[in-house]
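Naming follows writing order (A, B, C and D), and every chain is counted from residue 1.
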Amino acid sequence: MNFISDNAYGASPEILAALARASDGTAASYGDDAMTAKVAARMSALFEREVACFPVVTGTAANALILATLCPPFGAVLCHEKSHIAVDECAAPEFFTGGAKLVHLEGADAKLTPEAIEQALRGFSSGVHSPKPSVVSITQATELGTLYTPGEIAGLAACAHAHGMKLHMDGARFANAVAARGCAPAELTWKAGVDALSFGATKNGALMAEAAVFFHPDDARDFDYRRKKSGHLISKMRFVSAQWDAYLEDGRWLQTAAHANALAARLAAGLSKIAGVEIAHPVEANAVFAWLPDAMAARLRARGAKFYDWLPSQDGRVMARLVCAFATPEADVGRFLEVAGS
Amino acid sequence: MNFISDNAYGASPEILAALARASDGTAASYGDDAMTAKVAARMSALFEREVACFPVVTGTAANALILATLCPPFGAVLCHEKSHIAVDECAAPEFFTGGAKLVHLEGADAKLTPEAIEQALRGFSSGVHSPKPSVVSITQATELGTLYTPGEIAGLAACAHAHGMKLHMDGARFANAVAARGCAPAELTWKAGVDALSFGATKNGALMAEAAVFFHPDDARDFDYRRKKSGHLISKMRFVSAQWDAYLEDGRWLQTAAHANALAARLAAGLSKIAGVEIAHPVEANAVFAWLPDAMAARLRARGAKFYDWLPSQDGRVMARLVCAFATPEADVGRFLEVAGS
Amino acid sequence: MNFISDNAYGASPEILAALARASDGTAASYGDDAMTAKVAARMSALFEREVACFPVVTGTAANALILATLCPPFGAVLCHEKSHIAVDECAAPEFFTGGAKLVHLEGADAKLTPEAIEQALRGFSSGVHSPKPSVVSITQATELGTLYTPGEIAGLAACAHAHGMKLHMDGARFANAVAARGCAPAELTWKAGVDALSFGATKNGALMAEAAVFFHPDDARDFDYRRKKSGHLISKMRFVSAQWDAYLEDGRWLQTAAHANALAARLAAGLSKIAGVEIAHPVEANAVFAWLPDAMAARLRARGAKFYDWLPSQDGRVMARLVCAFATPEADVGRFLEVAGS
Amino acid sequence: MNFISDNAYGASPEILAALARASDGTAASYGDDAMTAKVAARMSALFEREVACFPVVTGTAANALILATLCPPFGAVLCHEKSHIAVDECAAPEFFTGGAKLVHLEGADAKLTPEAIEQALRGFSSGVHSPKPSVVSITQATELGTLYTPGEIAGLAACAHAHGMKLHMDGARFANAVAARGCAPAELTWKAGVDALSFGATKNGALMAEAAVFFHPDDARDFDYRRKKSGHLISKMRFVSAQWDAYLEDGRWLQTAAHANALAARLAAGLSKIAGVEIAHPVEANAVFAWLPDAMAARLRARGAKFYDWLPSQDGRVMARLVCAFATPEADVGRFLEVAGS
């Protein structure tokens, strides 16, 4: 019963098999291989427009490299105070940008609003004494398992663009968002005004495969220099690209994400019927945030359940984060509910 | 007949198989897994002392993170003018260190000497107007396929340490060096005074697996922060560690390196008998640098040979770099010699 | 009636005269001159212990260089959300440190508390995923014209040190704090646990003279490299040092600060008697923050008063920042009160 | 007899007087004052076109900020191996740019040639593995007291621009160059293709006053953010601007430079007649580089002469650097020659 993170599981068998196939023969290194070209074409097809796509191996690299590309050293990135870039990347964006400022904003369910952005910008009225607002960054699905609607994204994009800023989307769990929304990837990104996407595959079945996707290739003019300079250009790139190829093939990425989403929905539905449990945030993707009585949490752990205390215990209960992954066994959900309700 | 780089080949079947095995079940992420612990223990056993070992996925990351750990932002790294860190990493060390200076030194066969270091240091006599000499970095095997002896390394270490500097070894081809020298890894590193090693596996059969190894763990106190901050902490770390585990198992790494070295030796021996060919540097590891008549080079390429022009054509001949890898077919060497000599 | 900033006035005549005297003859450059040595000795005498003192020309340089010295690139600086380093230096600390994170904390009257620090640290429990808490930075006098007591500073220092952090004090208005508290500079700094001070003279009568002061000289071991590397080592340093010499001579710095403090106290006292005015923060140094009715603010400006709207107009009144400086004419205070009360 | 540096002397009386005048009354801070506007207009008039001009207080700041503006973090700056930015600024450009590479080129008399640039660029043929060549930087007058002709500058500019690079001129001794050449400042800069100039006043009579001058203001769009972020925006900016105003007034800057140049010429002429002395580089500005017999150098020092050993003693003689400054007494030259020839 491992609900601790989507990183806890290994990799999809199809992706592992793709790695073995990709190993045959010789290939050009550093991304000049045929598999990488194939993935680039896949990405443009997937997003229904020409995109600039750069495979990397961590989400932090994708986020920080995109932000460094869009935000100058003297710039500011506006983001939610709970966002991964704000609190879980050891200030990587500050390093990659050369010292830009991440401005932390509040917002319910880990979501930004145009109002919060407008209010923050009023604090940037003193010229060069404040960094230059350059990027708005949102996470989809969010760190609290919630989703932005295409309309909400469009509203944020309009606000960002009106102030000369770009809109970045951290899509570490973009698959879960697309699967949940049931709309085209384009609808959730550039059609709504997103300029660049950190597109994740690792959490949803790859070994280590993420991608920086720019919807306006001009923005990415020099991205390849930054990737190399930060040590993120993989010499045997075909091994990253092969993961992407297998991930996107036949809609596999949406099937695995749908599996995780469905388990989360079932888990939330079950928990909400158990006395003393309170669902803390809307369950819209593959994570459930729920207040559990301390005794219930202890009982679950004693029976082998693994999960993360999102907030420490207060008033006799703890907020648990329960993440369902592409490979989470359905039986684990049933067993978790059984122990919780016992 | 692909001699263009050791990156041109895929991965060892045993390493691919290890990845598939590593995928089973759940595991702690970000390096807190059992496989990563096993590799750490393997490394200490291999080097006959406790080392601090940090798996990463590129040699540039290993080099730049080690240099940033050992060299302050206001420091200088003394290295050969042809070294990978000097000319092939898009100035990654300058970025990771926060602006340290790489001081390029000359030396035959891509090797540094204590004399060159002493001479360079005489230019750093003006206090804070020059950066603070902090690290000497050497490559083993070198970018020209040559080797340092343990005695040469000890001489460089003594020089570095006498001036308060650390000694770093870029071991992207460390396996080839150890296999060629036939001595223990410890003899080529800490016993000779090396403080930190960029230990490569990618070029010798891994998909993407390198490691930063510190022989004095105190030096590495904060390395893990730097790795995370630069996006080089892999979430499903077991997939990097599993490559290392299979690489080091049963001496596989030395067998594959010995294969590559043997082919290079055979290639050099054969070429040296062909009129008009001149071996440019001692062939001590897995690369041959040879002056080939332009016509011969053209003929080889017409017949499918791939190799890199290390120096552009001059006086009717070109300096070719011919790299043999862990998976280079022995027959390719024979065929190359046949075409060259025809 | 210029209350807009302590930067609005020029320089003390004694400091200007000192510059002219310092210009005579030749001197060693880059700080190796006799005047700079004299100032170093003065500083140690002033603080009643050996300190390491580095003159610079801006407060941002002093702050950012000290923070870069005490906080690694992967570190975090805990500071008040209204502090100058947080909002008025274009993220200079992030740049100088190489990407450290400034963690903004709340606190009444722009003051930090040990409780706020302890609470923030609870969010840094996930190892390398968060930057390493390294420095607590406070401002004395604060950006809201308030003061820490020696006991409050000692409490913050104890908290910082217990967590392995250093305590930095931004003393752009340190003179006003010392003059107001009436205690020795040592009491407000190292005796209370402060590790490093940004000591300002510019706002209080110098042309451009600040200093980084380290109370434990070992901490400052490499500060001089950082100062040079950031372009802040002045070639004709005697011209910065001469300002410091004249500033500290005969207690001049405390006399000018006391003048500014007294005017602020008089201004606050007068304003507090005027209907519709509300003093927003305790007036403990040389600045008054007061809510003024919009009409009163407009009338004052129409009559030539200059001041900064700290907060925009709301509910018919605006929060004005009124700063008194070393050279503010006493008559301006009387006239301001007269117009305000008319 | 102080010939050690142009920094050894204080400041011109007229500039000191200007500081005292500038101190009167209140003024807007951070460069929004009337004196700074006046200097901006003076600069445009001086260069016969609209320029963007940013006063700073050190040459290192001017150089590093300009380079960071023109060269991305992943870029390369091509410069002479003896240039100040290469060897005397503690790698400030590497820091300000965020890790760009300075590529050191050889060239007689500290001067670059288009040939040297073309040859260096041939080493940058491997795409992102090398940093992107972005700026050529030259020094006028050079670190060896020599000058570029307008034609030489035009040749370098043509070469730089043809490769998509900008041309920067380090003009710490620009006054000496203009005075020596006797042509308009525009002829030595933008008319010859220079994009940005570090314009120095400190060495030639100011206390601390330099300026970054961009001849195409668009290039400088965000320079002001970088200046603030690096702590180089002076709060009481009028005190820097007043130095510039007095410096440029009535051609004072060219008179003082001409004085220094004339003394250097006289010194060189005298030395060249003394047996055993050899002038090492053409004396075209205010510095003389001369080989002096060791005994002569010792005798001069015993009699109070101060100068810098540019190269250490070899074969019984030392290369002395003898710098004449705006305030060097003419009698000192005579006395130096007398002692040297005795």
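One rule holds in what follows: a contact is a pair of C-beta atoms (placed from the backbone, for glycine too) under 8 Å apart; a residue touches a chain by one contact, two chains touch by 3 or more.
If you're wondering where the values come from, they're calculated on a predicted model, not measured in any experiment.
When the partners of chain A are compared with those of chain B, the chains appearing in both lists are C, D.
Distance from chain B peaks, on a Cα-centroid basis, for C.
Between the Cα centres of chain C and chain D there is a gap of 34 Å. Per-chain CA centroids place chain A at a distance of 41 Å from chain C. Work out the mean CA point of chain B and of chain C, and you get 50 Å between them. Annotation for chain D: residues 30, 73-74, 89-92, 95-96, 98-99, 128-129, 131, 225, 228-229, 233 touch two or more other chains. On the side of chain C, the complex with chain D involves touching residues 2, 5, 7-11, 13, 16, 19-20, 22-30, 56-61, 64-65, 89-92, 95-96, 202-203, 207-208, 225, 228-236, 238-240, 306. Taken together, the chain C residues at the contact with chain A in this complex read 73-74, 76, 87-92, 94-102, 104, 122-123, 126, 128-131, 312. On chain C, the positions that touch chain B within their shared complex are 30, 68, 72-74, 98-99, 127-129, 131-132, 222, 224-229, 233.
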